[in-house]
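You will see two complexes here that share chain A, one where it goes with chain B and one where it goes with chain C.
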Partner chain A sequence: MLCLMKGMLLKQVFALSRAATPRESHLCAAGGALVSCHRHYRSRPTHGIGRFKYLLPKEAPKKKKDKVQMKEIDVGTEHEYGDLNIQMTSYDMCLVEHFAQYVHRLCNQLSVRVKESYAMPTKTNEVLFLEERGSKMQLDAVLTTHQRVVQISGLSSTFAPILLEVIQSNQPEGVHLLVKEHTEADFKSRLKSRPELEELLAQMS
Partner chain B sequence: LSSWLPQMVPFRGSHWQSSLLGLRASLLMRAQPKKKKKVDVKREQAQKDRMKKKIKKLEKAAPEMIPIEDFIAPLKYSDNSRVRSLPPLSFEETERRVLLMKKWCLFKQKQDKAEKQAIQTLVAAQQEALKELRLESEELYQAAIRRDEGLFPYEREGPSYSPPLPGYDPPEGKCVDITKVYTQ
Partner chain C sequence: MFPGTSGGRGARRERGGNMAAPVSVMAASARWGRRFGTAAAPRPWRLFGAMCLLRPPRITQPLEKEEEEMAALMAQIELEKSQYSDHEIRKLQEEEQLRRRKESAYDDEDEAPGKTVIMAQDLEDKWEQKLLQFKAAPRITDADKNNDRMSLNRKLDSNLMLLVKQKIGNQQLWLLPQVEWQPGETLRGTAERAMAMFLGDRIQAKVLGNAPHGIYKYKYPRAIRTEDTVGAKVFFFKAFLQSSDLSQAELKEDHLWVAKDELGDYLKLEYLKKVNRFLLDL
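Let's turn to the complex of A and B:
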């Protein structure tokens, strides 16, 4: 850029010096830096040359890390249920995932509004059993319990039993189904515990 | 000491008391129990302020979600050195597979359509029943439309592969929860 500028400057200076008289030449040379700028005036045909941002697709605004906030819990009216959690639990992860996907798609097709579809943290259990001839506990297996939740809202009271019937009839073996209302406690169980904060709060009160 | 004039009455320690301003302070300084109370209150206040500051600082940090272990692939599976080499399939085998897949797709489509049809008939039958009920009595209709409070929570175990064995005696044992506890 600088060498371009310099080159431009030199050219300008030479042009001016050739055109003007020697008395004015040093004045033009002094104003050469101001004259040789790259602005394209609005009246010139070169106005707007080099613009390209308007041609690119609009990119989403840079999102800052969203604070994990609880969405408002819908209570529901007399004829509609509020936020309902369809919780599917099983030892088999693939099965429960596929079932959760099926339930989500079913709700989409039946135009039941799906608010959220998430996974609960995995629980691990060690199953120990007492040996027949002995007092020592033997490790039998390490089982992982997986849970998926599909949160729906605005289910009408007449359609609820039909939906439950359909979900039940397609329930695979080993998958435990639980449909309950969404509460704040359910949301809090997904967050990490803060023992220091709780300790300080207990000390304060 | 009803009429006590500070200037007139000389008290015991007056020889080292030069100004009247220091009078109150000196009396308090000498009485030991009063000193403890003041400093204690200050200290307690300072402690409380510090705790409040700490709580504010901790509360500022947004609560984090517990990471789901299901979605984090263990590192040993990211090793690309193990590659499966399958034998090439014969033409008949590929044809058989493709035809089988087509049959399966058709079967599933029919199943799905049948399910959707069943749902539609259920809804239609329900609507008709409600219409008839409305003609019968408005009160019952309104009661039927209302949501059922006793429906949720609704729990159901999945069907089992085989019925429970009669007279099965399970071994004694226990379950130990070894889930990793995440703290912020």
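Let's turn to the complex of A and C:
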């Protein structure tokens, strides 16, 4: 039965293509098999082919003003560390970025889950040079400090010393490395403070 | 080591070997005990905790030939692709002005009255002078030249670890400092005690974790083997020296600071194999 149907369909398709060829032959010839000269009109049986969005589960509508919620900080059990922050600071941006990339890739390779990888805002310091015979301070240099943070979670306590040793031995010159547990203060330091809001809150309470 | 229970164990063994009927139940229970109750029975191994104290490298290793060539190539590419910085633009502008002034025969000399303008070229000269005054410390120190294995200043670009001469049995051997484990103490505590014994209390070393990094197990020769002690197990821990200031340390016995490739001169083969397994050579 099915093969009969298939055969009929094939014959139909053949008929359609033969009908199409004399008129749109130049279009069909260019592109070969990939150019389809048949569009899936509503009257055709192929209408709606390729629809899939109705099969996906419904997503909650995303509000525009979504407050950045703090993700739950994992405290960690006795044999596993919770959220750890690997903070790398340096004056040289390329070096610290490359090192952060290296640490991220190393964790990926060693199947350590990397939760987040972000940069803290750069701090600019002006180094003022006091002249020998004079009271004026002269600008000597402008130093920018860059910091990158890689946040990992689920590091087992037996593997932690090995990972730390590898990162320590691959540390480039001029990069400070700090590994510490993630706290709320660390999360809050990434957000900007709103003095007006705080003032109003203080007034209210 | 465990005098009370060892007698009991020996007695159980005899009973197990005896095939007499009233003792068969005891034999069965003894066999059960040996299968499940290893926690209760005294272990025939003596436990030692050893500390592998590492002095981390102070300078980076020199680049290989290919790395150097690559670095030079990348630097050249970046230079050719880059744009002028503020300082360089300023320098070019000032050079232009100077040239124009010379050509136009000091026309706008009145425009530059008493104010002293610091030119970019002057700044560059000043910086050059500062750079010439700076003198970097040598990479190859005196200790390297003399091959003084007792000093910490040798081989600044690789890990150095501490080896001590200890008496094991009736031989004096070069080993990582080790000390026997006492019940009621963690193995990490044993290793730290070993370190404190050889280097004094005020040593600033950091152990990264509680888990041992390696284990070396050896059986005593048949002559010394008794009921209790078949052999010894040595658990290795790693610690990193925070400061290379060892003036406060009281070094009692012979000690050496060696790099990984020189370990073979001092350690026995089997011991060396197990130690090499947990040493990172970067």
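Methods note: the second predicted complex is superposed on the first by the 138 of 205 C-alpha atoms of A that agree within 3 Å, B and C clash if a C-alpha of one lies under 4 Å from a C-alpha of the other, contacts with A are read in each partner's own complex, and residues count from 1 in each chain.
As a working rule, a residue touches a chain if its C-beta (ideal position, glycine included) is under 8 Å from a C-beta of that chain, and two chains touch if they have at least 3 such contacts.
These numbers were taken from a predicted model, which means no experiment stands behind them.
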item: Which superposed partner A:205 touches (first chain B, second chain C, both, neither); value: neither
item: First (chain B), second (chain C), both or neither touched by A:43; value: neither
item: Chain B versus chain C, judged by how many residues of chain A each one touches; value: B
item: Contacts of A:157 with chain B and chain C, given as first, second, both or neither; value: both
item: Contacts of A:121 with chain B and chain C, given as first, second, both or neither; value: first
item: Which superposed partner A:172 touches (first chain B, second chain C, both, neither); value: both
item: Residues of chain A that lie at the interface with chain B and also at the interface with chain C; value: 157-158, 160-161, 164-166, 168, 172-173
item: Touch list for chain B against partner chain A, complex; value: 48, 51-52, 54-55, 58-59, 62-71, 115-116, 119, 122-123, 126, 130, 145-148, 151-161, 171-184
item: Residue ranges of chain A in contact with chain C within the complex; value: 157-158, 160-161, 164-166, 168-170, 172-173
item: Complex interface listing, chain C residues touching chain A; value: 56-57, 59-60, 159, 208-211, 213, 238, 240, 280, 282
item: Chain A residues touching chain B - in the complex, by the definition given at the top; value: 67-68, 76, 78-81, 84, 90, 93, 109-110, 119-130, 132, 137, 140, 142, 146, 157-162, 164-166, 168, 171-181, 190-197, 200-201, 203-204
